[in-house]
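In the part that follows, the structures are each spelled out as structure tokens.
Here subunit A shows up in two complexes: once beside subunit B, once beside subunit C.
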Partner chain A sequence: MKYIYMLAAFAIPKFLEGPGELNVTGPKIITSFQIGSVTINFTETIILEWIVMAVILGLCIFLTRDLRVRAVSKRQVIAEMAVEAITNLVRDTMGKRWLWFTPYIATVFCFSVFGSLLSLFGLRAVTSDFSVLLSWAAVTFVMITVTKIRYNGLGGYLKGFADPIPVMLPINILSEVSTPAAMALRHFGNIAGGGIITALVYYGLANLSRMIGLQVPILTVGLPAVLSLYFDLFADFMQAFIFIMLTMVFISNAGPADDEPEPESEPGPEEISENAA
Partner chain B sequence: MDMSEAIVLAGSAIGAGLAMIAGIGPGIGEGYAVGKACEAIARQPEASGAVTRTMFVGCAVAESTGIYGLIIALLLIFLKPFT
Partner chain C sequence: MGFLSIDIGTILFTLLNLLLLFLGLKHFLFKPVNGILEKRQEEVDRKLQEAETAKSEAEAEREAYTQKLADAKEESAEMLRKATRRAQERSDEIVAAAKAEAAAVMQQNEQELERERRRAATALRGEVSGLAVAVAEKVVGREINQADHERLIDEFIDSVGDVQ
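Take a look at the complex of A and B:
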């Protein structure tokens, strides 16, 4: 109870005073190093990323402590559910031969979700820094390229650029490069844009309530919370899901199709619908 | 603020507004996709999981052009690259 009073004593004056100057910047630069002619910035994002990593690691250790075959604990059930869900997703999307990809996909998903959910705590979301997304997309790009070279050989990979006719070469190169760029931009735009829109609405409502003569910016109660529900909760999960989905689809498309068909015993849904119609 | 800077700022603001016209395309496209997904679920309720998943991924891909417009608009408004 004491802590709630303390929190209120801290939060209420801040609320009454309303937002100050609205400015949109990148992540704060804490220090920067000079290596040769390259400047390396040590930003807020790096610290927050380490926090996210620590949280995920702690959660994993907490969930997988003393696993048992019988008399499983609630923790173990949650862990099993999560692992099973992501394994099924990978199997359904990529096929059986890509099941070894599951840990990477799960890692990216967790990192993206937790990194975006930081904005719920008033911190800067890791995923609203473009360099983070660009590096994830670069990893995906490397994986796509490696898969293509592995299954087609280096010659086949290079020949793929001149497919179907050599005139298409620039277009093929462009489409190859635009894949990771589009993935990164989509995720970044959603999270960063959502943050900026929420900040703008909050600022606008505070100014509006000041304009109509209210001392307390009472109009800022309500609408930003609803927006936050969409931009912080829904968009975060959605973007994380889409990022892993696209990663899986692109990587499994780079290799040959899964040749062993899945055992299907029940009648397909098409037949049922035809009978119903 | 001198005249040239004012013109650049006005141009940036108009450009940001024009960039957001890009929102029309994804709006129409996603609406169409969601409508089709509703039809599909109504026809085959047992396939709703797969339909919903595919629809969300399709919507996200269709949305990317709108997001590019949004990024350009935000850059023009907040970073003011031409001043």
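Take a look at the complex of A and C:
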């Protein structure tokens, strides 16, 4: 699919126009409007997100049609396996108390995988827009912060920044912020970089074909497909998996371990006297 | 737009889309599938429960039957013992009755015999005395006192002893 698209998009026009240049750009702005002094851009990415969402939800509806307790269809088996796999993953990684979080993890995973796989169809991968990854990482960051405040109290959370000594404050703030930033950049870099490399390879091979006098850029057959196997399929799944794993680990680490009792709100009078003694 | 740009609009729409997809997945995938999984789990649990109940019921029934069988055996043994005892008693009774009857018959016979013997002895005695008187009359030629003779003869016979 990609090959055909690339052939159409790059090879043939370039063949006709002669060696040109390869532009790496961000998503196209379709329209933008002002709210106060803020400019809200409506970009290509949002349309692609809608396509991805439609595909995912359509797949869900298709898979969960006509569910039965017995004599299940193949579709139902797939749906059940997917749900059980993601549920088990969340339970094993985060613990039972976070099971309610499973749909969000599934959402991010599906969004990431399908969003990245758009590149297979010659579309711009949703995950090669940094803003998208930043949004997802921001949700993770908010969840981490909320969990920390929930289990340590606001005071405990703020005190955590001056831990173990107040001099560490800037470093602690940096480490807190770097968590989502690193997540977002890692995912973005892999997918966007993969896309650029694939485009460069096509471009280079097409030009090479022309240089050695071939009428049809025959060299673009083969190598890009192998590279696409890694940059599109493997990296997409890998990055989606890494992203959800990091999300789960960071969020569950923000709270107490599963087998620890819930934090007590106030120490009882006995404990206070014991401590005083 | 730049390749590595942070766009507030994209972020807002992406967050909104993320929320929508989250709700969508929850509603269209997790709710129905978890529902059906729960239902299946319930059915399995119910089946297990039923099997458990059936097993315990069967166990109880088996217990009851075993008890009944033991009771029946006990009862039949008791009946056999009773019947044996009764038969024994009955046979003892019959034998005793037979013995008693036999003894009675024997006694009666003996009495009869004795009586016969006595009668015969008496008759014989009378005849002998009569005969002796007649002989004596003939020999002596005169009449002797019948009564005296009879007494004499009786004395004789008594002194001779019983016939036996």
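The rule is simple: the second predicted complex is superposed on the first by the 238 of 277 C-alpha atoms of A that agree within 3 Å, B and C clash if a C-alpha of one lies under 4 Å from a C-alpha of the other, contacts with A are read in each partner's own complex, and residues count from 1 in each chain.
Going forward, contacts are C-beta pairs under 8 Å (C-beta built on N, C-alpha and C of every residue); 3 or more make two chains touch, one makes a residue touch a chain.
From a predicted model like this one, the values you see are computed outputs, not experimental measurements.
Colleague: Taking subunit A as the common reference for superposition, should the pair subunit B and subunit C be classed as clashing or as fitting?
Modeller: On the superposed model, which is not a single observed complex, subunit B and subunit C fit side by side.
Colleague: Could you say whether A:P166 touches subunit B, subunit C, both of them, or neither, answering first, second, both or neither?
Modeller: Touch status of A:P166: no partner.
Colleague: Looking at the overlay, does A:I56 come into contact with subunit B only (first), subunit C only (second), both, or neither?
Modeller: Touch partner of A:I56: subunit C, not subunit B.
Colleague: As a test of reading the superposition: which chain, subunit B or subunit C, is in touch with more residues of subunit A?
Modeller: C
Colleague: In the superposed arrangement, which partner chain does A:T107 touch: subunit B (first), subunit C (second), both, or neither?
Modeller: second
Colleague: Who does A:V38 touch here: subunit B (first), subunit C (second), both, or neither?
Modeller: second
Colleague: Thinking of the overlay built on chain A, is A:G193 touched by subunit B (first), by subunit C (second), by both, or by neither?
Modeller: Touch status of A:G193: first partner only.
Colleague: Applying the document's definition of touch, where does A:V69 land relative to subunit B and subunit C: first, second, both, or neither?
Modeller: Second partner only, subunit C.
Colleague: Touch test for A:L246: subunit B only (first), subunit C only (second), both, or neither?
Modeller: So A:L246 only meets subunit B here.
Colleague: Please indicate which partner A:G153 is in contact with in the superposed arrangement: first for subunit B, second for subunit C, both, or neither.
Modeller: After superposition on chain A, A:G153 lies in contact with neither partner.
Colleague: Once the two structures sit on chain A together, report how near the CA atoms of subunit B get to those of subunit C, whole Å.
Modeller: Here the least C-alpha separation of subunit B and subunit C stands at 7 Å.
Colleague: Show me the subunit A residues, by the header's touch rule, that subunit B contacts in one structure and subunit C contacts in the other.
Modeller: After superposing on chain A, subunit A residues 24, 188, 192 contact both subunit B and subunit C.
Colleague: Quick one: which bits of subunit B touch subunit A in the complex? Just the residue numbers, please.
Modeller: By the definition above, subunit B touches subunit A via 43-44, 46-47, 53, 56-57, 60-61, 63-64, 67-68, 70-71, 74, 78.
Colleague: If we count contacts the way the header does, which residues on subunit C are in touch with subunit A in the complex?
Modeller: Listed in rising order, the residues are 1-15, 17-18, 20-22, 24-26, 28-30, 32-37, 39-40, 43.
Colleague: Which residues, counting only subunit A, touch subunit B once they are in their complex?
Modeller: Touching subunit B from subunit A are residues 23-24, 182, 185-186, 188-190, 192-193, 196, 238-239, 241-242, 245-246, 249, 269, 272-273, 277.
Colleague: Quick check on the complex: what are the subunit A residues that touch subunit C?
Modeller: Counting only subunit A, the residues touching subunit C are 24-29, 32, 38-43, 45-46, 49-50, 53, 56-57, 60-61, 63-64, 67-70, 76, 79-80, 82-84, 102-104, 106-108, 110-111, 129-132, 134-136, 138-139, 188, 192.
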